[in-house]
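Here chain A shows up in two complexes: once beside chain B, once beside chain C.
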Partner chain A sequence: MPTYLARRLGQSLLTVFLTLTTVFLLVRLAPGDPAAAYAPPSASSADLARIRAEFGLDDPLFTQYGIFLRDLFTGNLGTSYSFHAPAFDVVMDRMPYTVTLAVAALAVTTLVAVPLGVWMARRADTKRELGANVMTIAGQSMPDFWTGVMLLTVFAVLFPVLPASGFTTWSGLVLPTLTVAVLQLALVSRLVRREMVSALTSPYVTVARSRGVSEHALTWRYALGNSAVPLVTALGTRFAALLNGVVVVEVVFGWPGVGSLVVRALETRDYPLIQATVLVTATLAILVQLLVDLAYPLLDPRVRLGKAA
Partner chain B sequence: MTQRTTVGQDDQPLLDVTDLQIELVTAGGVVRAVDGVSFTVRHGETVTLIGESGSGKSTTAMGVLRLLPEGLAVLSGSVRIAGRDVLADPDAARAVRGRTVSLIPQDPMTALSPVHTVGRQLGDAIRLRHPELTRAQVRDKGVELLGRVRITKPETRWKAYPHQFSGGMLQRILIAIALAGEPDLLVADEPTSALDATVQAGVLDLLMELQERTGIGMLMITHDLGVARLVSDRIHVMKDGRFVESGPAEQIVARPAAPYTRDLLAAVPRLGAWDEDEPLVEGAAS
Partner chain C sequence: MTPSPQSASPEHEPPSRRTLLRWGALGGAGLALGPLSACAGPTGAPGPGTLTLGLNRSLVSLDNKLNQFDAAITVQRAVRQALTRIGPRMKVQHVLADRFEMTEPTAWTVRLREGVRYSDGSPVTVEDVATALRMYAKVNGSFILGLFPELPTVEPTGERTFRLRTERPVPVLDRLMANIHITPAAANRPEELQSGLGSGPYRVVKANGGAGEYTLARNTRYWGPRPHVDTVRVRFVPEEASRVIALRSGELDVVDTLTPDSAEQLTGLPGVTVQETSGVRICQLFFNFRKPKGHPLADPRVRRALTYAIDGESLIRDVLTDSADPAEGVVPLALEGAVRTGSYTYDPAKAKSLLKSLGADDVRIKIIWESGEFAADTSVMEAVVDMLQEIGVRARLQQFQPGGDILKWRQGRGGDWDVIGNGFPGTTGQALTSLQGMYGGTAEKERTRDTYMGFVVPHIEQQLSDAAVEVDATERNKKLVAVQHTIWDTWPCLWAFAPKTLLARRDRVRDLDLLTLNSYDLSAVRLEG
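Here is the complex of A and B:
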């Protein structure tokens, strides 16, 4: 186990490093000038040149990369051009909002999608299942900006029961969470359905039925217990994706998370801020993946105990 | 129906199947897998359905227990288990399963949930019959059952998972689970065909010993005439969903009437010296 953990951590560090390098290169290859975004519109070309020199953008790419790596190893991710503050701190200020929204959306998705998927599996290929299918696929097909705007129109404008934007009270969490969850629901519930249908038709369920085990226990204990590994894998992947920020939803609801931050960072060509965001979100995503991997032995004794008796 | 039934010792058979027909919905259309079979199993008796793959023998066994997928199998005729018609009444089927009748499945390696302990799954079966028992009592009873099916050091195996056992041991555990409900009737669906030859004999031995001790009735499904000859009182030879020959085991083995039965007999490997003069019979069932 310690060897396994060490190897996984090594892999994770390498992944983060490669991601950062890719992003470092890509933002500099993309068109756009940070100095132009930074300087007031009235700035002369001499001003712009001075700003570029100050940011170190005149150095050769290789030199810039060397400085970036040197700073990275001393824990310095640079100063955000637009916030005039350490880029890492700017990202970490936004992180709690993104994490809150991600946790809430994943919780709602799980609480609805698992029972729904089980319900669909028990009625696989019936008309009622078709109805549920149509609804979840419709939910998945609606673009999130549209779902968000519709929810806003109904619950914040026509019937102003919930705040339209920002996160000052917990009720502000409701609409963004629903918007994200509607999108995830179809995916997760269909996965649960597929796994449950295959588990419910396995020999061990038929044999358990032959010894009088109730349909309730067959469904929730036998079949769901055997679907846990793919389910947790899918939920982990979803969660990691949500931690990267839900850009559109954050913009629609004025949610001060990492997603809206990254939009601003890209608009202003704020290289240090883009890099810091990528570092934090990539690390979190890899951490979630690691936790999912560590959960496998808990969920499946064949992983935990190996083959020998 | 709460007290232990003692049906089968009087005139009423444990299992009474009359003109059972089973149609299966497959991708290629509706197939009549079982086409009007009738048979009975009484207390202390072993009745065998023998035939090759696709003859409908396992479908019959699963149909009798109503374990075929709803909507994909259409059953008609009558199946009475301890006097209750399980075809007419799905609730009756649920009520007899695990109490009056138990199944010993075909492939022990896939017949237990891989993520639950053996003790949990055996405990479930015991608790169904004896809901009043405490956890410790269920465990004691389960350990005793595992001992009865000759699992060595059963108390250390209670928390083990299915993948930690061999196929032969799993089949013994499944027999223990089937016995946990104290049934009057066992349906053994090819109980040894997934096992090594050396392990097969041990499992059959165990089944016969249990039958001798408890007087349980048994419906045995097999493609192996060697197995059938060893355990059966009566044999029904099945082909294409019908019985081609029925009778006492000795008679079927010694004086087979149907050509199909003779083919099956010829396919049984014999113990003893190799009879190299005898040509291999072609077209025999396996």
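Here is the complex of A and C:
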């Protein structure tokens, strides 16, 4: 286990490093000039040159990369051009909002999609299952901005019972959470359904049933327990994706998460902020994936980490 | 075999798989529900003593050294104040100063108002003013510095009095100083200040610059009249549709810098009032003045002929939904010192015949602009292309994304173009600074491509320079009138308009006096009920 953990941590560090390097190069290859985005419209060429020098943008790319690495290892991610504050702090100001929305959306998805998937598996290939399928796929097919605007129109304008934007009260979480969760429901419920159908037709279930195990125990303990690994993998992947921000939902609901922050950083060519956001979100996403991997032996005792099947 | 006491003791057994899963579930639930405990109230509507503002851009700090946009001014000035401000009808009003007058062509005598103090109780001093000017001077990329021909130096003459001295006359220094916010000298830095200590009617009690959210509370030590509202919450809501919905639902009290579409949606709704004033920003379809001699667009007669193709009235009515005024001068008429110099006339037949007589009927036009430069920008541009096609001029469009390479193109380094869609702000409220910014190009500036679209007309630059140092107000105005007519006669724009400043508020918000500069005095605002 310690060897496995060390190897995975090493891999994770390498992944983060390569991601950062790629982002470092790509943002500098994209058109646009951070100095022009930073300066007022009246700025002269001399002003722009001074700003470029101040930001170190007139150094050769290799030098900039060296400085970036040096600062990275000393924990300095630079100062955001547009926020005039340490880029890491700006990202961390937004991160709680993103984590809250991601956790809430995932919780709602799990609470609804798992029972729904089980229900669909128990009624596989019936008309009722088809109806549930249609509804979840319809939810997934609706663009998130449309779902968001519809929810806003109903619950914030026609029947103003929930806030329209921001996270100023607990109820402000409801509409963005539902919008994000609707998108995940079809994916997760169909995955649960597929795994459960497979499990419920397995020989061990037939044996257990013949030995008098109740249908409730068969479904929720035996079959669902055996479906847990792919389910947790899928939820972990969705969670990691949500940590990168859900830009459209954030914009529609005025949710101050990292997704809209990245968009702004890209528009203003705010290199330190782009790099800090990528560092934080990539680290979190990799951490989540690592935790998911570590959870496998807990979910399935046959799994031995670091050993071939 | 007897088990050892240690192995028999259940409290020393490693946690089972099931226990670990339970702990994980509990931890997850805690993580999900934890932040909720910090929140209160179910509806999000502001309380009776709280005013909530929804800004379209993130207010990253309450300092304006690097960050000044329309709506930010309202909030920044509620916390930090300047010696003067631009009030209603563009008149200069004294704020921290109670005397601010030109006593020599290159010197202004200023006296700080007695009893002005910061929210921590410390007095505003002459040293604070001197330090503020020094700090503004040290910042690279400052929006403010570009407005000053030169920054004045402070000569203290008493405990509350000083002279602001410049090398050349700056007859509008009292207006320019409205942009220099005063902070205690010891706390001032040559950078955007993140703390909010100021002398204004409000003080900052909670700030999240990253999310653009601030809570301001009434400054109990405020030296002026007591503000009417206890608490002001500032929120950043980037999407206009969300701001409109939040205003309709009562979650926001004021949303500003509205687009014409949103203003139309909100007009007439119960509980909502839309306010508008003339704007100080001019949006132009500006010709490229870097065309070589002999190019049709280098001839002002061709430029003028092309203007006849544009049906400005239709654009204002149908595309901009009456949210703008057609330009009748070279700067917005709301600016002090601006004059009417003419108007754009729609006469496609005349355009066609003039172009033919000038041998320019085969002219091709490439129009460039950056997305979001002004409201309904794409629709305006598409309509303009159609109008030009009506007179046989083929036009094509190239749109740039924000943050892209438009600057390079503006400077003529990205490629050739003929007309650019561009907005120019009138931050100081006076015509002179806008005129200098757009039409004061020199050959020297053009060498580094620092002129406005290559506009270099030496006699116009000379006229502007003369006006800028003229200390006699009547004489200065005469010079300004003359130069504006001269500029108009060069036909620098295919068409231009001045968008109105639009703001929407809930009806419970009273005494919100929207100024032409798209800001208002927060301390005067009242809440009903």
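The working rule: the second predicted complex is superposed on the first by the 303 of 309 C-alpha atoms of A that agree within 3 Å, B and C clash if a C-alpha of one lies under 4 Å from a C-alpha of the other, contacts with A are read in each partner's own complex, and residues count from 1 in each chain.
Here is the rule we use: a contact is a pair of C-beta atoms (placed from the backbone, for glycine too) under 8 Å apart; a residue touches a chain by one contact, two chains touch by 3 or more.
Bear in mind the structure is a predicted one, so any value in this text is a computation, not a measurement.
In this overlay on chain A, chain B fits alongside chain C without clashing. Using the contact criterion defined above for the overlaid structures, shared-chain residue A:F253 touches chain C, although it does not reach chain B. Rounded to the nearest 10, the angle at the Cα centre of chain A between chain B and chain C in the chain-A superposition is 160°. In the superposed three-chain model, the partner touching more residues of chain A is C, compared with the other of chain B and chain C. Residue contacts after overlaying the shared chain place A:R269 against chain C, while chain B stays out of touching range. Once the two complexes are overlaid on the shared chain, A:L5 sits clear of chain B and of chain C alike. Within the superposed three-chain model, A:Y204 lies in touch with chain B and out of touch with chain C [touch as defined at top]. After overlaying the two complexes on the shared chain, residue contacts for A:V154 are found with neither chain B nor chain C. Once the two complexes are overlaid on the shared chain, A:W170 sits against chain C while remaining clear of chain B. Once the two complexes are laid over each other on the shared chain, residue contacts for A:P301 go to chain B and to chain C alike.
Between chain B and chain C in the chain A overlay, the least Cα distance found is 11 Å. In the superposition on chain A, chain A positions 299, 301 are in contact with chain B in one complex as well as with chain C in the other. Of all residues in chain A, those touching chain B in their complex are 201-213, 217, 221-222, 225-226, 228, 299-302, 305, 307-309. For chain C in complex with chain A, the residues that touch the partner chain are 17, 20-21, 24, 28-29, 31-32, 35-36, 39-45, 54, 58, 60-61, 66-67, 140-143, 146-147, 191-192, 194, 208-213, 233, 235-239, 241-243, 245-246, 248-252, 401-405, 407-408, 411, 424-425, 437, 445, 448-450. Put simply, chain A touches chain C in their complex at residues 31-33, 35-47, 50-51, 54, 82-85, 89-94, 96-97, 99-100, 103-104, 107, 149, 152-153, 156-157, 160-173, 251-254, 256, 260-261, 264, 266-269, 295, 297-299, 301. Those residues of chain B that touch chain A in the complex are listed here as 62, 65, 67, 69, 94, 97-99, 102-103, 105-107, 110-117, 121, 124-125, 128, 160-161, 163-166, 174, 177-178, 180-181, 187.
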